[in-house]
Amino acid sequence: MRRVGVFVCWCGSNIAGTVDIEQVKAAAAKMPNVAYVEDNKYTCSEPGQAAIQKAIKEQKLDRVVVAACSPRMHENTFRRTVGGAGLNPYLLEIANIREHCSWVHPDKVAGTRKAVDLVRRAVYKVAKNVPLQRASIDVTKRALIIGGGIAGIQAALDIADAGQPVVVVEKTPSIGGHMAQLDKTFPTLDCSACILTPKMVDAAQNQNITLMTWSEVEKVDGYIGNFTVTIRKKARHVDTTKCTGCGICWSKCPAKVSSEFDLGIGKRKAIYVPFPQAIPNKPVIDEKNCIFFKTGKCKACQMFCPTGSISFDQKDELVEEKFGAIIVATGYEQWDPSPYGEYGYGRYKDVITGLEFERLVNASGPTEGKIKRPSDGKLPKDVVIIQCVGSRDEAKGIPYCSKTCCMYSAKHAILLEEKIHAHSYVFYMDVRTPGKGYEEFYKRATEEHHATYIRGRVSRVYQKGDKLVCLGEDTLLGKKVEVEADLVILASAMVHQNGASKLAQTLGISYDQNEFYTEAHAKLRPVETNTAGIFLAGACQGPKDIPETVAQAGAAASKVISLLSKPKLETEPLVAQVNEAICSGCLWCKPICPYKAIDGKVVKERIAGGKTIERPVAAVNASLCQGCGACTVACRTGAMNVLGFTNEHILAEVDALCL
Amino acid sequence: MSVNEKAAPAAGPATNPTTATPAPEGWEPKIIGFACNWCTYAGADLAGTSRIQYPPNIRVIRVPCSGRINPQFVVRAFQRGADGVLVAGCHPGDCHYSTGNYFARRRYLLAKRFIEYLGVEPERLQVRWISGSEGQKFADTVRELTEKLRALGPQRRLRETL
Amino acid sequence: MSATFTDHQAALRDEVKKLLTDGSIKGFIGYARGRDSYHPVPAIVTRPDQVDGLILDQFSIFGLTKYLLDYIFEDGKMGIVVKGCDALGLGRLINDHRVDRNKVHVVGLPCAGVLNGEKVAKLGLGKVQRVTDKGSAFLVEGDKGSKELPKTEYLWDKCLWCENHNPAGADTLLGSEVENVAMKPRDFSDITALEKMPSAERAAFWTRQFSRCIRCYACRNVCPACNCRECVFDIADPRWVGNTVKLSEQQMFHFTRAFHVAGRCVDCGECERVCPMEIPLMKLQRKLQKDVIELFGNPKPFVPSEVEVLGQFRVTEDPEEFM
Amino acid sequence: MKYAYYPGCSLHSTATEYDATTRTVCQTLGVELEEIPDWNCCGATSAHATNHLLSLALPARDLAKAEQMGLDVVAPCAACYNRMAQTIHETKDNEVLRGRVSAVIGADYEGTAKAKSLLEVLAADVGPKVVEAKVQKPLKGLRVAAYYGCLLVRPPAVTGWDDAENPQSMDKLMTALGAETVDWSHKTECCGASLTVSRTDIVLKLTRDILDAAKAAGADALVCACPMCQANLDGRQGAVEKTYKTNYHLPVFYFTQLMSLAFGIEPYKLGFARHSIDPRELLHTKEIA
Amino acid sequence: MEMEVLNLTAVGPAGPAFAAQVGAEAGTNAFSCYQCGKCSAGCPLSYAMDYQPRQIMRLVQLGLKDEALKSSTIWLCASCATCTTRCPREVQIAAVMDTLRAMARREGYPYKERSVAAFHRAFLNGVASGGRAYELGMILGYKLSTFEMFKDIDLGLTWLRQGKLKLLPERIKGSASVRDIFEKVRKLEQEEVARQREGRPAAHEGMEGHS
């Protein structure tokens, strides 16, 4: 006979509010194997856990059921509690009577009846639990960071500082990310390049950091501590060991192409570095626009290259590397405002996005910092800045607030006034300045730089002569207003990186409906994912500004450092297990396993008549198996089971719930 | 009817499960839910944290992956008296174990048709992909299934008569 | 007019005698005379002198491959005679790693269709003297009379749409291959008829069938796809299916067995033929075959393949109904 | 290609030239029109300003007739087209509402018939290439501002066949005829429609904005696809010039008039005499007619 | 609008009830509007309105029925749907204006823009009698009810000369069935107004259902 202890939690009023704790206790007492029942206001609290440990010892309990919140919340907490009392931590089951019951069923009678059923399920299941031990596996002491923006660079520097090797994979030819495109940064207006380039140079010179630019992650196998990642190093057509970055090749290259880094405002050559301070300062050849690749002629770059580093027949290279941990820092994209037909983006040249303005005002940008209108190059006198373009718009854009536009629009207003004494009209709905020094920055924009803030969304922008007429309503006055602007800047929304969901599927991490990656817990574990060993930093997890991004990068780096500094890693024991006595050796489980953890092996056996025979059976490599259980269903005879979720367990749970 | 099929009188138990006797007073359909830990169970938790109300007719069993849900568990649930079963997991491509739900999809494309073929009303077994951020969808699925089952009445086709 | 089974009887006996005497096989699994000339029975001979007991007649429908399971741990080879459908059954056992191909000597028997012994016996033709193949019919001459039996009426259903008349990969072949053409296209009309029934009516139909099941497990014992070392129905813990004779246990048994064989059945029809209570079990398997063909674009699920139907998937082509 | 033709009240009174040229253009392009027998007024703005059910019932009676004919409806007038599209849109997934409308009109309205504006049929279904092939006298040198008005393309959820902010279908048709179109800012700005009777001052102001924009864009004339807009832009142009001391002298064509002209139909048949701003003078100077 | 103080609590439960009823009839949720002003900015008529369209939505949200139904805005709205097309919260503002106009008329509110209401009445009278619009009759009817005898005489004459105005109305064969439509709708409306006065909920579509 088992001696099961059932601990029903009040969770303050979260459970007790709509579940009758006494009735649940009374019902639990009558369930098979239940020897002890107790309730507690806050079972997860220190006294709550102490009460469990006391009961285990005094009542000689050999199994524990905690009826409280979701196992995804506190299963580990209560495993440590039970372990602390000398009982194997896996002789524990959780009944989720909060998220799956009290919080969603207001009717107390039905809620209580369901809570009793959920407790009975846990009691029937725990009776079938067996003690399990955690196995330990070794850790590859090496980290991978996907994305070379400020998040990736900061995380790489922190990890390298802790003496652990790290590889940064960056899709574009240079690290730096979107921050490299910015001119000044709020709220201190210090120049983006001045604070970013030193970090980029540190990253390049740090022995522990390997930069793999112009490369992408192709495939990820394995699991925490033992990831095997295939990286595609795209053909650069430049031998980086020989190239000195002297720049003769791109000065001689005849092919002129619109520069992605300058968002089409500036041009670049077919062989190019995206921006002057690029790290590594080694060019790549853009096969789509290179005259040689198109027509087989030209080869100017090769002719003029003093170090002979150009090689046209270089091919993509697939490299396989082993890592213990991965940080995803792939950043964001600016939303393309073309769905706003009424703002004429793409139709009127002088309607530009915030990032495009950053390139205009940037001293190392295509216009050397002169804010020249794209249409006729004149300096704008009146500038309209439209907030929330795409953001907070379920109809044509995205439902959420992009968090950074209010601040960078205030910055643009200040820069416009400071540099060319232009007058900014900022059409806003709310000016959100939540950070330190942010409200003061907004005050400067209005008081010192005389930006006119008009509360109301612009309905339409149209060309009239060489002016752009913006129709709005000053909702504070209740009057229609019109501004004839020389330049219109759209504070366009911050959205997910292109192909974010594809990378998530490659990594096996989840993402939300806006293709931002889902953190393990919104408040308590913001930089971890539900996939052990994979961490998040920066805008790929949701819109955020540079201070927050750098903070997250540090946090993710510290998680990786603590993971990689462990000598061994303890793995979950909830893996597949074969009952060799009844296994027929058909091996139909083998093709199911995504981790290739199952293989055949031969066992020797004496059979009737004294003869020893050899027969094939399935064998599970416990360190590769992640416990998904897909193989168990292919096993007709039930020889293959998953510890913690065995056939016996689930059949018992079904029976318990159907009583 | 093929030559092998005999119309011999039923030698089994007295009550013929297909005669639709009306549901007892105050009857509430019972739904057994199998939910994968990484997506649907998390979605159900999200419905909880967002206080989305839905009928209390479902009891959820947590499994590591939808690939773990053996169709025999579903028939067992019907046998033990469940009126409806929900099998739910991650959207294809989102599986934490990368391929678990692809196998589940194949198994349940076949099993759902086969269970209906054996005479269980189609609405009783619902298979749905519900992600960790679709708390509302989880609640709606439970509500829809409960209403359909109320209309259908108790499940008697596979139920064990003691 | 292809040869009938009996024409190969002598050749079979010589082959078996040779194999037994030169020791290349330890025993041979074939057919012997049963209670009358319409019901042959399986026979296992181990000595040359017993070989004359082996017969081949147009009623030898029995699938013999499952007997091989008794010899997998014996050393030395076993011989067996296989028709086209039996060869698929043998393929199933081999793919399931239950039988080692190198420990079997396969004698292939080209087959133009097997007569349904129960039906022919009712015609009262007495002891059968000779059977000749007239193309669209078999002429059966018995001591009490003779009759031309149209194949479409007197062969087993599965023989009509069989596209596997010649056993592939046999070590020795009796006579020469017959024309491998199906007499009529594979017919799922009875399945679609059942599918179209309202669910209450279909439930009643299956209740009538399953309530007759006496759980004798003959269907499991004869099925080449049901080859587990320890069958899940014989395991006490966990008790997947109770062994009381109760309708819900029978429903669970038939669902479980059918689903275990889903995508693996070789369409040999033995389960239905051997069922003492005459439950139309092939209506279960052919429904699964029909769905596998429609859903997964696998035209011949009954031919054993490298990977099981349910052991693989297609990311985009597999139908998506669960969004 | 066959449609149930719904001319609407204006095409039988103030805009008969639009009706006539519609028929000739469709005939030339092989679009068969069968007028809905005994059609009734769609209620225009007044119905939906008075009672919602009335605004659905009036178009529904015509749609029900089209369903009997087994044809989709084509309506040259933007307002009629919009009212029908709105009725179809609202009753599409709402059997209860469709039942109530059928009860009120005393006939069976199933919501199966679709409604298209004439411009959509000619620009999308027929298409500029087929139109270009039929052109005998290209409108060389004629610079027009294509004016769509509001109801043709708005709201996109109900109409949805051309861009609600910068529609191009009429522009493409005009270029197919050999004319030149201008890119201008007031393509879809409302002209005030039925307020022309009750608040003429408003219509004068709105039409002035439109005429200003067209003139600023260097157009010789406006071309539109709605009798209401034509009446305001053409009929009220004199009053606008007087009130605001401006000078436009911009003729306002129906796009079917220009198509007929380009197809070689004699100008006198095109009802130019019924325009307030006589277009014939412009056509002479451009040696088109 | 004078600057008197609006006591919002004094509006009581009738406020949210009004907002809910407008939402139901217009088939939209008045509370989704976050007062961004994009509708007023793009409205071609808002320059002539006493309340901006956004402010009308604000009055509906706060349940200030009288101010909303006495405004000129609901009559000057030419239902060009620019607002509905561009609303970031997908609020059907044009449908709300329709609903408020119909509500003002059936509950006997004084019209701020009498001439617009008069025009609609005159237009519909023509349609009800002959099944099709009758411009000349409509203009005469309009002039009688607004006493604007000499307005647009010149335009009227030129249109008559150009044959743009038919002297006699086009009566359709089925004009009886069109009259029947008007009759049924009026009866349904009266039943609904009576029901609302007794506080019973709106029974049928007549009063709501823009889908």
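Letters A, B, C, D and E mark the chains in the order given here, with residues in each chain numbered from 1 onward.
We take it that a residue touches a chain if its C-beta (ideal position, glycine included) is under 8 Å from a C-beta of that chain, and two chains touch if they have at least 3 such contacts.
Computed from a predicted model, the values in this text were never measured in an experiment.
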**Request:** Touching both chain A and chain C: give me those chains, sorted by label.
**Result:** B
**Asked** Which chain's mean C-alpha position is the greatest distance from chain D's?
**Response** C
**Chain of greatest Cα-centre distance to chain A** = C
**Asked** chain A to chain D: how many Å between their CA centres?
**Response** 52
**Centre-of-Cα separation between chain E and chain D, whole angstrom** = 24
**Asked** For chain B and chain D, what's the span in angstrom between their mean Cα positions?
**Response** 55
**Message:** Which positions in chain E are in touch with at least two other chains?
**Reply:** 47, 82
**Request:** Any chance you could list the residues of chain B touching two or more other chains?
**Result:** 71, 76, 93, 99, 103, 107
**Request:** Find every residue in chain D that makes contact with two or more other chains and list them.
**Result:** 164
**Item:** In contact (per the touch rule at the top): chain pairs
**Value:** A-B, A-C, A-D, A-E, B-C, D-E
**Prompt:** Which positions of chain C touch chain A when the two form their complex?
**Reply:** 73, 96-98, 227-232, 235, 237-240, 260, 307-308, 310-312
**Item:** Residues of chain E that touch chain A when the two form their complex
**Value:** 34-43, 46-47, 51-52, 54-55, 82, 86-90
**Item:** Residue numbers on chain A that touch chain E, as the complex places them
**Value:** 342, 388, 392-397, 429, 455-460, 471-475, 478-481
**Message:** Please output the residues of chain A touching chain D within their complex, sorted ascending.
**Reply:** 341-342, 344, 347, 462-465, 469
**Asked** Which of the residues in chain A end up touching chain B in this complex?
**Response** 70-73, 96, 98-101, 103-107, 110-111, 113-114, 117-118, 121, 501, 504-505, 508, 510-513, 518, 530-531, 574, 592, 594-595, 626-630, 632-634, 642, 645, 647, 650-651, 653-655, 657-658
